[in-house]
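Below you'll find a set of structures to go through.
You will see two complexes here that share subunit A, one where it goes with subunit B and one where it goes with subunit C.
Take a look at the complex of A and B:
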C-alpha cells in the first residue's frame, strides 16, 4: 500500500493542472498517467514540487467503502494499492477511453460511475460535421462536484476535465473549461 | 445548337453499365456522348462489395447467372488486371447450417452445380480452410474453394470511361438529364443541365441509351415507357483493416450478410436486401437493425470481426426489374434486361439496359451496344472481351517502375497498384510530388495531380474514387486538409480548399454515424477535435 493525500487518475491537461497546484500547496500527490500524452511543462513543474508520477501505468479498479473510494489498483503495481483521501478522475472522454461507448450504452470503465448520455443513438450525431455533435456532451454525472455511482455520491472522487458531461475538447471554449474544472477540484479539496 | 452537339449515341448514366456501354460503342466507331449527373460510379456501382463473383453463389438456383458470372470473371481477370485481385474464395459450412438443411449434403449439390456451370469448385477439409484463411470461423465443418476475387468498382468504372474517351467519346459528369427531345414517337436527343454552372444544353443522337440503374425507372417514364423496377437497398459495413485475405461466403441459400470480401486495405461485409421507395434512392441511410444484422452474420463467417473497428457503413440500390411476362410484377429477374423500346413500346431511338450486376457489366454493355448498332445499321464486332482496359495492359510493378527514377517509393508502388500501367503517366518531377498526402492509402501528391489532370476530378469524393484518398483507417482525419489544398491548387483555385474539405468531412461523417460507437466513436471525436478546435492547447491561459 502507498498512501497519498490525492491520487490523480490521468495525466492530461486537467489532471496535471490539478496535481501541480495541489502538490505545490503541500499536498502529497500521485498522478497515474497512462500513455504518452503527459504535458511536458506541467510534468516537470509537478516533479520539481516533489510529486509522484506513475508514467505508463494505468488504474484498473478501486475499492469503495460506503460513499468513499478507499484505494485504487494499477496494472503495474499489482497488489500494492494506492490509498488517498481524495481521488481526481481526469481520464478524458472517448479517445482516451475515459468513457466508452458500445453499441447500446455508454459507460465509465474504471469504476462504473453514472454517465449522462442519450439512450437513442440516432440522436448522438448531427449530419453536418461542423454542427454541434450531441455525443460530445456525454460524460460522468456529478453531484456538488463529486462523482455518482449507482446514484450514490462518492464524496472523495472528483471528476475533472473531459470525462465530465458537458465538456469536450472539440468545443471552442473547452481549454478554459477543462482547466476550470481542474481548479474546481482543487478548491473542493482545499475547502475540506 | 452547334453541330458538335450531334452524336451517334447518347448514354445516360455514368455507372459501370453506362461506362462500359460508352466504351463498347466508342470502340465500334460510334460518336458517343455520356452524361452523368454526379461523378462516375456514385450509384450502385460504387456501393457494393467489390466482389469478383465466381458465380458459385448462383450455381444451385440460377445456372444461367452462374455461367454468365464465371465467363465474365475470366474476362475481367484478363482485361481489367489492374482492377482485380485474385484472392480466391471459400464457401464455408457451419454447424448451424446443418440444422437449417444446408449441411454437407447441400455442399455436395453445390459443388456439382458449380462444376456444371463451369466454375472450378473443390471441397477442402476444415483444417485446410483454416490454413488457407486463418480468420475463418474455426468451427466450420466444410469448405469449398472457388475462383472468387475482389474488384475495385471505382477503378473499373474509371478505366472504362478513360478508354471510351481515348476512343473519342465525350464524357460529361455533373451533367443531369432533364428531358428528352422528342418528335412524335421518336427520341431525338436529350436536354441536360450542367449542375456546376447551371447552364442548360441540348444534344442530339439517333439513339439514346438509358443506363441509369435504379434512376433509369424515372428516365424511362419521361420517355413515356414503363419499366417495372424495384429498388432493393443493400447495406454494407467496411472494417478498419484487411481481416481476411480470401473471400468468405456461406455455403447455403443466399441470405443477408453472408459475403466477406477483402479489398485493398479493408474488408467489407454485406449485404442486406430491402425494398425501398424510389424517393429514398438518392439518400440512403444505414439503419441500426441493418448494422446489427451485418455484424451478427459477419461474425459467423469470421469471429474476429466482433473486435474489429468498423470504419463506416454504406448502402446502394440494386435496380431489380420485374419480368415483362409477369403482369403481377412479382417475378423479379436478377438477369440482364435489355429493352428496345421501339419493338416493346413503339418509342423509336431509345434503349434501356438494366438489371444485371457489376460482374456482368461488360456483357450488359455488349448487349446494349449490339442493340444500338442494329438501330444504326453498323456492323462491327464487339472487342471489349479481348482488349485490356487502360492501366491493365501490364501493371506489374517491375514494368511500371521503369517510368520512375531510382527505386520506387511506397507511394509510387501504391500508384502502380491503383492505376496499373497508367501510373507511368504520373509525374514525379520533384520531391514534393513523391510526398504522401494520404498515408493510410499511400497516395502521393503526384498521383493527385495526375487524377485531376486526366481523370475528371472535381471534389475530394471524386478524388477518393480514383485514388482511395481518405478511404483508410483514419477516414481522412489526418489528410483531408492536405488533400483539399493539393486538389484546390490542382484545380486552379486555391480558395476552394475550405469548401472541398468541408464537403468531404460531411461525406465521411455520413458513413461513420451508423457505426458510431467503440473505436469508431473515438475516431469521430478525434476528427471533431482536429477540425473544430482551432487553437492549440496552451497551458497557462485560463
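Take a look at the complex of A and C:
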C-alpha cells in the first residue's frame, strides 16, 4: 500500500492542473497517467513541486467502503494499492475511454459511476454533422461536486474535466471550463 | 465487436493520434527512421498482407518503449516493431553484433584477461581498429571488465552462510553484475543479508535482451527456457526471484512471452526488482531499516526507459525518499540514448548522443553529487557524457544503511 493525500486518475489538462495546484500547496499527490496526453509544461511543474507521476500506468479498479473510495489498484503496481483521502477522476470522455458508449447505453468503465445521458438513443446525435452533438454533453453525474455510484454520493471522489456531464473539448470555451472544474475540485479539497 | 478481435499487440486499437511520434527519441534525431506509428501499427497492416512491405529502417528503433508508455490505447508499438524485425528481417547479425550481444560469452573471455582487455580498450589505436574493422564507435568509452566475477566471489566469500537465514530469495544477477561490476552484486548481498534474507544463486543464463536486439533469436530462446526452468526450481523451494537490472527484468517478464513466445505466466508474478521487493517489505513492516545517522547526499534520479515501461520507478523513488539524509531531484523523463548495444555501433553513435542531450543538460542543471539509476547501460552513457558518477539504488541503500544495526534488528 502507498499512501497519498490525493490520487489523481488521468494526466490530461484537468488532472495535471488540479494535481499541480494541490502539490504546490503541500499535499502529497500522485497522478496515474495512462498515455502521455500532456507531457511538457504541466508535468515539469508538477514534478518540480515534488509530485509523483505513474506514467503509462492505469487504474484498474477500486475498493469502496460505504460512501468513500478507500484505495485504487493499478495495472503495474500489482498488489500494492494506492490509498488516499481524496480521489480526482479526470479520465476524459470517449477518446480516452473515461466514458464508453455501447450500442444501447453509456457508462463509466472504471468504477461504474452514474452517468447522465439521454435514454433514447436516437437523441444521442444530430444527423446534421456540424450542429451540436448531444453525446458530447453526456458524462459522469455529480451531487455537490462528488460522483454518484448507484445513487450514493461518494464523498471523496471528485470528477473533473471532460469526464463530467456538460463539458466537452469540442466546445469553444472548453479549455477554460475544464480548468475551472479542476479548480473546483481543488476548492472542495481545500475546504475540507 | 472490437473486444472480440484483438491481437496480442493490440494494434487494431491504434487511433492514429500520433502521440507516440512526439515521444520517440529516434524520430526527433534521425530522419531515416519512419517513427513508431509508421513502423508499428501502420506498417503492420501492410506486413500482414505481404512481407515485402517490411522496411529495413525498423532497425533504427531503440526499443526504449517510450511509445508504449505514451500510447493512450495500449498498443504495444515497440513489440510490434521488434517482432517484425524477427519475422521479416533478412539480415543475419554481423560479427560485431554477435560480439556485442553475447554478453555471456564475451564476459568470461574478457574477464580472464581483464587488466589487459580494460587497458587495450582504453587505447586510441585499439579503439580506432575496432571502429575500422568492426564498426564499434571509437568515441565510446568501453565498459570495464572485472578480473573476478561476482559468482566466483560469491562462492568463495558469501555462499556458505546463506542457509543460516530464516528467509530466502534467489538473486538473478545478470551479466553486468557478474562480469563488469561485481560491486553491485556484493552490495545486493550485503543489503539482503542485513534485512535477514539468505541470498541464493541459480543456474542462470543471460536474459537475452542483447541477443533479441541483434537478431539472435534461437540463442535467446534457448537461454530463456533455461532461465525459466531455474526460476521454477527456485520457486519450488519457496524462493522468490529478485533482480537488479531493469532491462533484464523487463526481458524476463515481458519480452519472453511477447517476442520469444516462451510462456512465463507461471513465474512472472514471482520476479521482482530489488527496489520493488524492498519497498514492499519495508512498507508492510516485514523488515525494518536502520539508517546511518550522519549520512547525507544530493542525488538526481534518472528513470531508465524500461523502468518507466515496467511502471516500477515509483518504488525506487519512494525507497530513496525513505533515507533521512537524501535530497532527491527527480529528473524529467528522457532517454539517455545508449539503448544497450545500440549506442556502441558506429552508425548510431551520433544519434545516440543527440538523443541523450536533454538528459545530460538536466543533470548539469541539477548539479547532483551523483545520479541514481537502476540501469547499467544508462550508467555508461551518463558517466561518459556528463562526468557525473551514477550509482545503483542498491549501492546507495547499502551505503546509507547501518548494516550492523539493521542486521541486529532483522536477523534476531
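Going forward, the second predicted complex is superposed on the first by the 191 of 192 C-alpha atoms of A that agree within 3 Å, B and C clash if a C-alpha of one lies under 4 Å from a C-alpha of the other, contacts with A are read in each partner's own complex, and residues count from 1 in each chain.
Going forward, a contact is a pair of C-beta atoms (placed from the backbone, for glycine too) under 8 Å apart; a residue touches a chain by one contact, two chains touch by 3 or more.
A quick note: this is a predicted structure, and the numbers were derived from the prediction, not measured.
Chemist: When the two structures are overlaid on chain A, which partner does A:75 contact: first (subunit B), second (subunit C), both, or neither?
Modeler: In the superposed model, A:75 contacts subunit C only, not subunit B.
Chemist: Touching A:55, do we find subunit B (first), subunit C (second), both, or neither?
Modeler: Touch status of A:55: second partner only.
Chemist: So, A:2: does it touch subunit B (first), subunit C (second), both, or neither?
Modeler: In the superposition, A:2 touches subunit C alone.
Chemist: Answer with first, second, both or neither: which of subunit B and subunit C does A:95 touch in the superposed model?
Modeler: A:95: touches subunit B and subunit C.
Chemist: In the overlay, answer first, second, both or neither for which of subunit B and subunit C A:124 touches.
Modeler: first
Chemist: If you count the residues of subunit A that each partner touches, which comes out higher, subunit B or subunit C?
Modeler: B
Chemist: For A:160, is the partner it touches subunit B (first), subunit C (second), both, or none of the two (neither)?
Modeler: After superposition on chain A, A:160 lies in contact with neither partner.
Chemist: Name the residues of subunit A shared by its contacts with subunit B and its contacts with subunit C.
Modeler: The overlap between the subunit B and subunit C interfaces on subunit A comprises residues 39, 95.
Chemist: Touching subunit A in the complex: which residues of subunit C?
Modeler: That would be residues 15, 17, 19, 22-23, 68-74, 269, 279-280, 283-284, 308-312, 314, 317-318, 330, 332-333 of subunit C.
Chemist: Considering only the defined contacts, which subunit A positions touch subunit C in the complex?
Modeler: Residues 1-2, 30, 34-37, 39, 43-44, 47, 52, 54-58, 74-78, 80, 95-96.
Chemist: Which part of subunit A faces subunit B closely enough to touch in the complex?
Modeler: 13, 17, 39, 41-42, 93-95, 97, 100-103, 121-122, 124-125, 127-130, 133, 135-136, 168-172, 174-176, 179-180, 183
Chemist: Quick check on the complex: what are the subunit B residues that touch subunit A?
Modeler: 288, 291-292, 502, 505-506, 508-510, 513, 516-518, 521-522, 524-529, 531-535, 537-539, 541-542
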